């Protein structure tokens, strides 16, 4: 993440990875204030065989694109709604990458962070049948939860 | 893709996959006009072991989210700039997925389509060293191309 | 509604239907988390002769379009202002349907929910003179209320 | 429609109604330049038992709301993309109606016009089994068309 | 004003008129809920020789345009920031009038209301030298106030 | 106007004034490139008894606000759609004036220019019965024109 | 700054200048309410050899452009998020200057104010080696701070 | 510049520098495709004593911010209108820099490029009286040009 102030939202990605038993490393690195640190992480990702990098940043959110410039390991970007513009600045800065250097952009804020974790699991699950099954179980739980809530709403009146 | 009118842009994804020797299947399926067809594709993806689904659509672009609702295979969405609003409708419809059902959103139009192809290759390359090497070569070519253009601009005056 | 967190706003639609004595069924079904449930509701609507489906959802609000894809029963969509973007994401995701599969979009949030209920009543009232009369009475009450408030403001100074 | 310059787009609604054999009356009436004419149409709609009013207008598109203010017959609004802002002005002016006076907003421009015609047919079809069947046939044709296009795209390479 | 909930902001216009000794009449009239009342006010304005009509409304703010449609007395519109979109809906609904029926749009909310009062005074002051002088005095007071604040800020450190 | 490139649009204001027999002076003055010239015009307006100043400018459109800062003669601003943003920059720069210094903003581009001319006439007509009558005749002509177009559209099929 | 209500944000610029030992003068001057004061400051800047002018204003933020019109001393503008539109009005009013009269626009609000101070220091540091070194030390401190926070986040679990 | 396709617009900056006799070096370097090249330029700027870096880029325009991350030499950014969103993506990606790493953002496209050149000259002119005088002459020429155009418009009728 680009700033430790993003931790409460970015934690959602970590929680997903924890719940699926996927190992990860979480840290702070700013594209603008610690560029060397970002480059170093991008390089380590490739040499150490990491499968995905998740980058969350707000405002002129360059972190995901900056990582993408330094590695061909897949990058997932999460735009943070950290400005008075509701995050549209971070969203466009993350998603509108030029042709040739992809970033996979998630939605804004904590929903996006949660989905970044899930998308990483989905990527791994293409090559890991046990993880795939856990994902399908997760979806079942989601469905059951909605159905329970539906029942509550139906009985609400 | 949601409509065959998107073909000129979506072809950019196919061209990338061709150039990396990645097999794929390209077709048209509309979330709103052929929902069963979309569901069937989502199911096949999982049963046949496809590694990624790339969905391009414009306006209220529901195709990527619709696929994501029916499978845990990773979904990459490309918003098409097919309306008078320059594509901001398709972009928000694709990227702002609720927590629990991720879509990896690329940029608008043909840049986004090209990057969707590249991102798919990056995902596969995590488990395929030869593909990883090709990606790094591709990046080198990009760099060389820019450097040639730079030279041309420097000598322009 | 796509999530039970929308209940406080969606209730406005129910209250209108209650006050006009129109029977309805209210539940939760998520386009992305319970797609089969949504399809089942769409099918029931047609087979059981429901006259209208009202769908409220936020963010990449696909619920109304998803229902519309599975039935020709009229769909009324209510975009929820449930993101940091003030709901413009849900609005565009609901209203910008491609030609061929209509959704009738209301305004954002609770005003939209109230109007969804009223629009449903207006549709039924085309074939029900008593309901038509009640609608005109409702309009009269609205007018009287404004006139009373006008008087209060005029006497304010 | 609010101006005869909208005819090429608004015609799409008429064509749909023609193809379904639904009778209609098409004219020009401007909320700002011929308000009495608009009011007269609103009144006739109620007294003559019209089932729906379709209003297309651009810029500060007040036509649909203006009609809605004068009748409880259902109003369908189509925002025209007739300004340098791509139609977002007309869209917000049409859809953001205050609670109490609903307008059913379609998408921008000719897609919206086509869908306005279809939505009107869907409303009538709730009370007309033959029309309902035609709608389902129309959907089948749409599906077949997409499938043919899909085949063409699949064989494209 | 279109709703008595706008009173706290619209009062700013009244306060300006009070401070300049300009007579006015303040009331509530909704374009959508009391259209006849709005038309009646528009007609009275012309027959009774009012010099200006000030209309404040939010969301799909049709009040100013609605008045303008029924009279050639100058209309000043104030868009209210009364929705989750920060008032951009009301702003575009008020300002983007079609050629032929002008509305003079002020800024959003209470600044706009204050300026509507001042603009009305400026209009009258073109034909009233005493009022013109008061306006210039008001500007002087504004300047003095800023200069005092400037001094405070300069001495702040 | 801020630039002679605005002439084709600003001419619409002049044409309206011509058609109503209202005298005016049209020139170019840039807030940023000829500020003294703008100030001089603002001062002349007050000393020579002009009744209104109409200012059209694009991008960061400061001309209307700049004039307003130097005179209490009423200012009408026309935002020009002269940038890649469709004029939303000029619109917000013109309309969002701080409390205390009003600008009456018209719509974007040539519709706005036409309405600026008409609004100026409406202001004068409050003190000139003959002009008032001409305005009402103009409205009648507008109505007749629409009615003729309506007839053409009704007979179109 | 255009209003003393901007002081809490504009102070960030002053704090930066203080910490680098750069002399400055901070005051309030409104483009619209005290235009002569603004012109006087612009003239003093040139005659007294100031190196940069920093202007912060909200809404239709004309202050930076207004200064730029009266001097060729470099102007840095800070758009304030002081309206219901999140500051997009001030941002576009500040940044979209016509060709010929530049304003250097910073980001919205207090981040922008901080950066305005830093940018001013960077400008001076081009001609002052000691200041340049302090800037590099400042960057080092920023880096160290991030690294400490990174460590905290890494140990968070 | 980030791509040689930006040359027609970026050339405006070069033309300004040429006309003022300011030496410069113009090249292409992409933040995402040639990050090392960008870093190298940033380092050279500092070691070789360049006074300013001008960076133009479109879409998720990271070039200016990327340079700013690697040097304390002043960075001027020009957002290019190179996408279907009219450049608002590039504008927000350039201007919304986090506190601590400033970028001076100009307007969109060729006006912005021209102003970037002028702003660079203004920065140098603070330490170069001859350049300062040339700038004032340039302003005079601008004024004379406008005055000539004003005369043409005044005599237009």
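Labels for the chains are A, B, C, D, E, F, G and H, by order of writing; each one numbers its residues from 1.
Everything below uses one rule, namely that contacts are C-beta pairs under 8 Å (C-beta built on N, C-alpha and C of every residue); 3 or more make two chains touch, one makes a residue touch a chain.
Computed from a prediction, not measured in an experiment: that's the story for all the values here.
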* Structure fact -> Ordered by label, the neighbours common to chain B and chain G are A, H
* So how far apart, in whole Å, are chain C and chain E when each is placed at the average of its C-alpha atoms? -> 33
* Asked: Between chain C and chain H, what's the gap in Å when you average each chain's C-alpha atoms?
  -> 50
* To do: Quick one: report the Å distance separating chain E from chain F, using the average Cα coordinate of each chain.
  => 18
* Specify, in ascending order, the residues of chain G that touch 2 or more different other chains. => 3, 30, 33, 59-60, 83, 85-86, 88, 95-98, 100-101, 107-108, 111, 139, 142
* **Contacting chain pairs - touch in the sense defined above** => A-B, A-C, A-G, A-H, B-C, B-D, B-H, C-D, C-E, D-E, D-F, E-F, E-G, F-G, F-H, G-H
* To do: Could you pull out which chain C residues touch chain E in their complex?
  => 81, 86-88, 107-109, 111, 139, 142-143, 146-147, 149-150, 152-154, 156-157
* **Residues on chain C engaged by chain D in the complex (per definition of touch)** => 12, 49, 51-52, 72-74, 76, 91, 95-108, 110-111, 114-116, 118-119, 122-123, 125-127, 132, 135-136, 139, 142
* To do: Going by the contact rule at the top, pick out the chain F residues touching chain H in the complex.
  => 1, 3-4, 7, 14, 25-30, 33-34, 37, 59-60, 83-86
* Contacting residues of chain H [partner chain A, same complex] -> 2-3, 30-33, 35, 39, 58-60, 62, 65-66, 68-70, 83, 85, 88-90, 92-98, 100-101
